[in-house]
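In the two complexes that follow, chain A is the common piece, with chain B as its partner first and chain C second.
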Partner chain A sequence: MSEPRCVPSWLQEKTPAVAAVPVRKRSLKGGFVEKTLHAIAEVMKNEVFSESLASRQGLLQGLDPRAKLVSVLFLIGTVGLFHHIFPLVLFNLWLFWLAKSSRVPLGVFTKRVWIVVPLFTGILVLPVLFNVVRPGTPLLVLFHLSRPLTLGYWTIPAEVAITRQGLAAAALLMLRVGASVSLAVLLTLTTRWNALIKALGALRIPAIFLSVFEMTYRYIFLLLSASSDMFLARRSRLVGRAGPREERRFVTSAMGSLWCKTAALSEEVHGAMISRGYAGTPRSMLRFKMKLSDWAWIILVIFTAILFIGGDRVLG
Partner chain B sequence: MHIPDGYLSPSTCAALGAAMLPAWAGAVGRVKGRIKSRYVPLMAIGAAFSFTIMMYNVPIPGGTTAHAVGGGLLAVVLGPWAAMICITIALAIQALLFGDGGVWTFTANCFNMALVLPFVAYGVYRLISAKSAPGSARRWVGAAAGGYAGLCAAALCAGVELGLQPVFFHTAGGVPLYCPYPLKVSIPAMMLAHLVVAGPLEAVVTGFVVRYLQSYNVALLDNRALSTDFQPSEAVSYRKLWWALGAMAILSPLGLLAGGDAWGEWGAADLQKLVGFIPAGLKRMTGTWSFAPFRDYSLPGFDSFGSSALVYIFCAVIGAGIICLFTYFFGRFQALERKERN
Partner chain C sequence: MSSVETAGAAPVFLLEGVTYRYPDGEIGVNNLDLSVGERERIVLLGANGSGKSTLLRILDGLIFPSDGLVHTFGQVLNEKSLSEEVFNYDFRRRVGFVFQNSETQLFSSTVWDEIAFGPLHMGMEEPEIRRRVSEVLELVGIEAIKDRPPFKLSGGEKKKVALAAVLATNPDVLLLDEPTAALDPRTERWLVDMLIQLGKFGKTIITATHHLDIVEEISDRVLIFGEDHRVAATGPPSELLSEKELLLHVNLIDPRFHKHSHGGDHRHYHIHD
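After this line comes the complex of A and B, so read on.
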């Protein structure tokens, strides 16, 4: 008997489908499915990482979450009031020192702030350097044109140059965004999320918002893992690459089906809450206590802000 | 679309926050009154949904991928008020827990994406879908158009907020302190990207998701229990509001005691004193609105403080009256329409 008994003949036929689908290199790593899966995995990894950082023993970790939240908000506001580059540079150095004493790895901190900010803000502010976009005192003349060029409502001056004002504006914006992002990153990396949400209560945000906030955070991970399952299932059944129309249909169908799940889930959760005695007012079990060091921190923060703003105003 | 911290002045953020407070309060009151204790889980999971779909990569022509916001979609399935709460919470989580988007600019981001976006999207959706059946093509066409219009309106708001920064906030030497681009640059830059790429993407996503729901779970498109745009279940007492309105009308001449003008209401001459130059656009606009009956809220012959105060009260009452009248007729119109429908 030449034919194997257990494998039916139709299975032995060579199906051309697998070989015929052209597999482009890009589709293996750059497809939308992989990108989405990667993004979801990043969020989860990031969350585990920040929880582990938040439980370390460090300067910011040791503070009362309310004191930390209020001081970060206050300091971001302060950063918004600076008019000069020099105090902003000093302030950023102070933030580096804060990160170091909170045992945030400086590599991670630098990557999150000083790689991301120049990448996005840097590209955005690049045009403002030139007097083509914003007139100003020329600092470095790039080239001369024979006469001013007019394109529609746009005029290119005869002397294209990098301006002093443009350079200052770009530096100011980058440093300001960098300092603000640093503060937000320090807050998120050194605070456990449930403590942070409870701390929002100190800002007089109604309890109902906080309980919604807290539940949202939990369900984000559930919905993310449901999405991850959908995309992974799709990926594992995919040979080659579907057309973009088909892909868009898949993504939008995934969203639609996620909404169906969401609506059903919210009904079930509501039923579960009612059966456990929920009557419309949430209760919290976390209690905070302000220590002497928390008050000392707040005084330090206010003092720092006065010092920096004062210095900034002395500069003119 | 997310404006990070540092691009807007703290005063802009505070002003937008003040604009958002009544909107948030209204949304919570409305949604809570409508869906009672189911409000907490629905809003929470809706916000988680909003956060999650912002992470989906959608393939766009040209071989790359982009993110959709999904605000229009939420407005279509939940109604604009509930969508506003969901997007606000999703934005807050992004800003506070993931360090994405600004903390102070949170108010501006909410104004653009949680207020303007869902309301414009929902308005367009209702305009096109009107009274059509949940399964009809007008629903998904309306949703797609709504998604497009909502996103573009939000982008326009962001462009205006960014573009106003260099006009108001710069050093004596002319160095802009925050976003350095004037309106002339910021609006075309924001609008071009959103009209051509992000807007169509949002339209496709919103339209297709609604089509998906139409074919697999049409009940979710017509779910009165979830939706918050129908009339509130119980009559709300507006008496306190009337008293407050009256008090404000009487207090309106207080502005006469303060020197200078209301913030942002400068005339061209005041603006020249404040910022050193008159924006070209304003110069053109000055004088176009010369036919208002009570110019600068005053009447000829009423010059002393007492009589100007009287004129102010009079104008406040007239203004409030006109607004109330409009609102009343709008309400009547809606009631008539509702009666017709039932």
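After this line comes the complex of A and C, so read on.
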């Protein structure tokens, strides 16, 4: 080994400051690389946020993950039994109370449930609102046609309107989906991912699936961090802004590089597992213990479900 | 190396003419003869890519020689012997490997699960696993992070967890690949002290490193690999580290590199302009 012998003269000179950018003057914001970096940072931020919520002292956080998982599945099943809107609204309010008791910020909870649900379920149930799809009592007439139109088996009435029955059916479905999503959001926000996976083991899900889930989750973050480093390294070396073609080329090569890293990593991880006695059958140990409060929670959930469904049946 | 290097005690590993070729034909280890005695502390020194990590993987039965034989605990170490349940169990229990990249080794979702992985897969009873995990957490000083996911730990914490995960199975032989790489001086000191302590408990410790400062503390014998993937020299650390020509020849040091002694046992190596 010897010291570098011939340092080129340009490397010995100080880089002068430029008065004007010698490339096209365009905003550096909004490029694909920036957007990807932003998206990766958002995923990481969400993970840190979920982790901090799961470790707060709250009603749901204090429960055994198995009790929580089973009760959430039971309540999601119960949601499907509601026939009326009013008890379902009350049930959703009860879920808001659960969120508040578990110290989940109501803004976050509402955003995750009641922005996503109308967006996706709303699109699905939109046609049901109109008498074009489902006949019913008109609530709001949208427009009139000169006469009913018949297209094969399908008839469009002369008066196209939003119906009472259609609106009720759509609201019922949205509230059911909203309640189910709320339960799933509450479960995932108040339970650490690893505890949730272990709780799935209590439902006799094969250990091999749980191992794969566990490791996928673990390595998603490692690979996200590797991608982020790759994108940051590119940003640090990029003077000005690359064109779309160059960005596409970078993204494809980054994907290839990440794929090779993943393959090498999986081999290494497998080696590390074998080295510590793994012989093809994953084993897992549950570290949970059901407390009196967990049993009390299960009784409360059953009682609540009976109360709501009973009320629903009283309405007819 | 033409003759078998023999240590005093009964050999834990005996390598005869071991050569390893990668799938593309490139040589990883070239015609190596080596005997590792029980309780021996060996350091593998060499430039990047000289074959140290490959040798550790061979010793851990993760890859197998293209030519030559590896004997361990009275058996030949190969795919066939490791497919036997009893030998596999015994070998994995007795040999622990701390990987260079801690990310590779920390695949469980919490530190506790990571440390429990080895004992669990070796079929220990649950109360024993709990006891071991708790004691290892205390020994390594990482009780406070036992419920945290390993990917959120610092580099030093990851290394501590990786070592704790291997120690939990109480291996007789410890293989360590660049254990001090990317550690801060305090964590590095902690690790060296831990290796010294483990050596006193009678563990056989084989460490691949570039870090010349720690070699004399953690080894009784040094193997220096040349860039031809052969062992260029072997002997006591104090002797070999004084042979500047040899270290230059294997491209391990720079001509300006030299040793300082500040009295007592401490010596360190650095560059002067």
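Note that in this section the second predicted complex is superposed on the first by the 238 of 316 C-alpha atoms of A that agree within 3 Å, B and C clash if a C-alpha of one lies under 4 Å from a C-alpha of the other, contacts with A are read in each partner's own complex, and residues count from 1 in each chain.
As a working rule, a contact is a pair of C-beta atoms (placed from the backbone, for glycine too) under 8 Å apart; a residue touches a chain by one contact, two chains touch by 3 or more.
These numbers come from a predicted model, not from an experiment.
Participant: Taking chain A as the common reference, can chain B and chain C both be placed on it without clashing, or not? Answer clash or fit.
Facilitator: Chain B/chain C on chain A - fit side by side.
Participant: For A:Val79, using the defined touch cut-off, is the partner it touches chain B, chain C, both, or neither? Pick first, second, both or neither.
Facilitator: It touches chain B, and chain C stays clear.
Participant: Taking the superposition as given, does A:Leu265 touch the first partner, chain B, the second, chain C, both, or neither?
Facilitator: both
Participant: Give one of first, second, both or neither to describe whether A:Ser275 is in contact with chain B, with chain C, with both, or with none.
Facilitator: second
Participant: More chain A residues touched by chain B or by chain C?
Facilitator: Partner with more touched residues of chain A: B.
Participant: Quick check for you: in the superposed arrangement, does A:Tyr217 touch first (chain B), second (chain C), both or neither?
Facilitator: Touch status of A:Tyr217: both partners.
Participant: Where does A:Asn194 make contact in the superposed view: on chain B (first), on chain C (second), on both, or on neither?
Facilitator: second
Participant: Please give the least Cα distance, whole angstrom, that chain B and chain C reach in the superposed model.
Facilitator: Minimum over all C-alpha pairs: 9 Å.
Participant: Just to be sure I follow: which residues of chain A are touched by chain B in one complex and then by chain C in the other one?
Facilitator: 193, 214-215, 217, 219, 222, 265, 269, 273-274, 278-279
Participant: Which residues of chain A touch chain C in their complex?
Facilitator: Interface residues on the chain A side: 1-3, 192-194, 197, 214-215, 217-219, 221-222, 225, 265, 268-269, 271-279, 283-285, 287.
Participant: For the complex, which residues does chain A have touching chain B?
Facilitator: Listed in rising order, the residues are 26, 32, 35-36, 39-40, 43, 46, 72-73, 76-77, 79-81, 83, 112, 120-121, 125, 128, 133-134, 136, 153, 165-166, 168-170, 172-173, 176-181, 183-185, 187-189, 193, 196, 200, 206, 208-209, 211-217, 219-220, 222-224, 227, 244, 247-249, 251-260, 262-263, 265-267, 269-270, 273-274, 278-280, 282, 316.
Participant: Can you tell me which positions in chain B touch chain A when the two form their complex?
Facilitator: 4-7, 9-10, 13, 28, 32, 36-38, 40-49, 51-53, 55-61, 63, 65, 70, 73, 77, 85, 89-90, 92-93, 95-99, 102-104, 166, 171-182, 184-185, 204-205, 208-213, 216-217, 220, 223, 226
Participant: For the complex, give me every residue of chain C touching chain A.
Facilitator: Against chain A, chain C makes touches at 57, 60, 62, 85, 88-89, 92-93, 95-97, 99, 101, 103-105, 107-110, 112-113, 116-118, 120-122, 126, 129, 147, 149-151, 165-166, 169, 248, 251, 253-255.
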